[in-house]
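You will see subunit A twice below: alongside subunit B first, and alongside subunit C after that.
Then we have the complex of A and B:
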């Protein structure tokens, strides 16, 4: 009884409950035939949202106003450059990954440099950077669509013991992020900064360094996600990141991370990512058109936040 | 002579706009004419209205991520219902404004993050727009077309409209008692509440007013483009936020400036025209827009520092 009560006080439980409901409703419609395929697809596509969501979560944890809008542009540029560099050669896979990570580093530093030097709100700083990054991607994307190296393509599309490889990668990254958040001094620092930047500065926490690292972390995760997504979908496209802007914010907040900062939640991101994918596929199975699908997606997001948000304010 | 801090807040965006305008005139002297100015600022009117709407939401410490989707929705309604049967069109708009008020109430009552609620609403508006106009089309109402293409003497329509918008919103937000209450909620909710005002009502009113300006933005946009599309104004979400910030507004604290917001919107519009005069390759157009945003904000920081040094003396 106490265990159940403890479970219900966890903010992430709601996103998982909603996920299970949507999964059951979808599978019921198809008579159970699609349960395995649906679960695998959900895990694969949720994994991409999880990877960018974790980065966004670290940034949002920093407190009000902290948000990274350069995520989609970073994903696009990273996917484009990495595939161009690897040029279908299997030997270049690691070099491509390394380039992506370095690119993420550079964009993260650029983001924070603008925030710090120009003292502009993160939302505008990351937006300006994302314009420049997007332009670079358009310029780099000229010419033919380059395929990913054979080994990398098969790695991203196959699965191990029925679990998609991408989901395993996302799981490993989540565990690392969880340890970082809950077990290291860095994780304590970002929570402290999110709860009160002033108090954090007074206690001697290196606020600027911590924020810099967080923005770099977010950009690096976005570039890794872009690298994987481009390999998974057989090439980079200029609009491949666009849906992940709203998605990365939505999964963080639906997952129970406080928008005001200082309180973050990794399991919730998984629940929310699975939920967001399953909602769309449920509406697809029921044969709704694009318009109705969008409307219902929006209403469901609001409904979830109404239920989950109410719980939070009661605590 | 003593200058109020509100005026100083305005000088910076105005200077940025003047500088950009000077650069455009230097590169293309022929732009210095009635037609030239009209072309330069043509698309500024809907952006300015959307920016004012966003500014209202930001005045109560919220952020509307559904602005672009909502303006697109309004544009679709204008090009279909408002054109074919004006009564139904007006009813839909009233419903949409009421919906905005409800969103404001829900956000307040349940203490929800506005970013997420409006994020959800952006899907809803987008879906409704797609239902109305699955493919680009529709037709502008004759009066909207007439309004946007009319040629008043001496000063182009776009500039007249911008001045009217700035003046009206300045009066409502900065001079009226309602405006003080709206900004008061952004500044200190508790003190407004303790003074005996109903915060729910003010917030609902603010959201409704924002919805109203966004509706006007959709109508004027269709007046310019003559047809609509479900994705026509999606970039307005980010443009409107950037416009408010460029105009000297803040994310929190109820510090907003209606005239600044309109100037910010004009600056952003001009930046687009500026780039086409520069003959920058289309690949780099978006990037250059980002660079201009950065330069303008750097300028603002520089002027802010200057101002502080003056004060220190």
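Then we have the complex of A and C:
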């Protein structure tokens, strides 16, 4: 009884509940035939949302106004540059990954430099950076589609004991992020800044340093995600990140992280990412048209947020 | 001797009249309120008659703010009843307002993004229709002038731009103002916590005038002098009950403190001999290019005095920020800050009491950047005992504490650090007498070990505890007083004289 009640006070429980319902409904429709395939696909595609979602969640935790809109452009440029550099050679896999991470570092610094030097809101600063990054990707890509190295391509598309490798990578990153958030001084700091920046400053927290690290972290995670996604889908495409702009924000919000900052949770991001993929595939299985599908997706998301949000407000 | 002397009969009749004239304004009887495991009110009675000022005193967490919230309708008591004007009415905020109950909260409750006149509109719905702004300005201006003559507040300014003292003045004025109908009962919860002595005296004079005209006031304050001089009757609360309810003339400061359950201690603060030896640990050139320079030495207790809002808080912020990087984590914390405006720069509302307490000393209780929960718990329990934070569990949310107890947590946060310099921005707002004395004792022993305290206070009693005092006027230091020179007279002289000392 008390355990159940404790469970229901967790904000992430609702995204998982919704995920299970949608999964059951979809599997019932297909008579159970697709359950394994559906689960594997859900885990794979959710993993990409989880990786960018975690980064976005750290930024959103910093408090009102903090958001990173450069996520899709960063993914695209990272995928494009990494594949170009690796040039289908297996020996260059690590060099490619390192380049991606360095690129994320640079974009994160660029984002925060703009926020700090020009004193513009993060939403504008990251959007401006995103145009620069996207244009660089277009210039670097020039319509060529370069394949990923063989080993990397097979790693990203295969599974270990039935669990997609991508999902395992996302899980490891989630655990690291969870430790960072809940156990370290840094995690306390970003939560404090999200609740009251001035109070955080007056308790001796280096506010600017912490925010800079957080924007870098978000950009690095987006870069890693772009690197993995490009390898998974057999080459970088210029629009490969576009879907993840809203996705990265949606999974954070549906997952139960407070949009006003200061409070975040990682399990919710998994629930929300799985849910977002399963809703679309459920509606596909039922054979709805594209327009109707989008309307339903929107309505279902609103419903989940209403249920979860109603819970949170009476704490 | 006739059995009834006529004079006595007349006297009796007169007294009868007086009793019937003193109608009940509001009465709360046998009220019980619990928050989780905490019994905030445990069968408390409070009756306020028309035309009297009732003083309400008690510890932090004694239930003062809770009973106020019951009377103003925002809390529903779990047992007991509340009646307005003798009739039990439906309970609720709108009922209480309709009966003429107004409340000035301890946590200032103006909207910071609105102007003074817009805030007046929020409180007074009847300020509707064409040209309400002009009427709102006139209303607030008139009321401010009546309570605080010569205040100098611009009613078109945004609340954000006002100092905390000015906000308190505006909120008090808005609550006393009435367009069609004057309020019948005004509840003042710590109204003078941010006001200096002059403004506080103006407010007390106005309360007497308001009461003389038939209004009622419930005055909550930790400054016992105010309570004794202004109230007709004093109610003392302890642990959610009323433990004394007598005419104010029957109390003295000593008996009042004893009624609250404290042992009276004589204020004997052995001032150490001049500690100004060696290099200063903290120094600042004269602010705004004039006045005196600021210096602090090891183990000193330095007071920042002067009228409220004359640059003391800004000085503390400058001192703090100049010693604290915004980019790199400090390897060793050497300066800590105790906030006065706790909702603005003090507490983290989503967190537990423990997390709020430990945030400034995370570096000392963690290894390799991982916070050690056991050591955090030990730290928390140690300070819970030392400064008596009233809670069953340090894992409870910070907002479950009363205002004074939240302030204690902020104190503990700063004192728990290894910082050798502690800046305090009028931190005793809303802290009860007993706790104040305990905190003074802690400060004294910490100063003896070489900690330096820089203390801005609006209370003369606290300024007198300091070794050395800087008096502020218009943003600059105009006088420095040391040792026996620190008297109320000298401080006031320096704060009003137009800076001859400079």
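To be clear about the criterion, the second predicted complex is superposed on the first by the 314 of 315 C-alpha atoms of A that agree within 3 Å, B and C clash if a C-alpha of one lies under 4 Å from a C-alpha of the other, contacts with A are read in each partner's own complex, and residues count from 1 in each chain.
Criterion: a residue touches a chain if its C-beta (ideal position, glycine included) is under 8 Å from a C-beta of that chain, and two chains touch if they have at least 3 such contacts.
Fair warning: this is a prediction, and the values are worked out from it, not measured in the lab.
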Contacts of A:93 with subunit B and subunit C, given as first, second, both or neither: neither
Partner chain in contact with A:192 - subunit B first, subunit C second, else both or neither: second
Which of subunit B and subunit C A:263 touches, first, second, both or neither: second
First, second, both or neither for A:207, with subunit B first and subunit C second: second
Touching partner for A:221 - first (subunit B), second (subunit C), both, neither: neither
Which superposed partner A:184 touches (first subunit B, second subunit C, both, neither): second
Partner with the higher number of touched subunit A residues, subunit C or subunit B: B
Contacting residues of subunit B [partner subunit A, same complex]: 65, 106, 110-113, 115-117, 119-131, 134, 238, 241-242, 245, 251-252, 283-291, 293-294, 297-298, 301
Residue numbers on subunit C that touch subunit A, as the complex places them: 320-321, 324-330, 333, 335-337, 339, 344-351, 355, 359-360, 362-363, 366, 369-371, 413, 417
Interfacial residue positions of subunit A with respect to subunit C in the complex: 179, 183-186, 188, 191-192, 195-196, 198-209, 212, 258, 262-263
Subunit B contact footprint on subunit A (complex, rising order): 64-65, 69, 114, 118-121, 123-124, 127-136, 138-139, 142, 246, 249-250, 253-254, 259-260, 289-302, 305-306, 309-310, 313
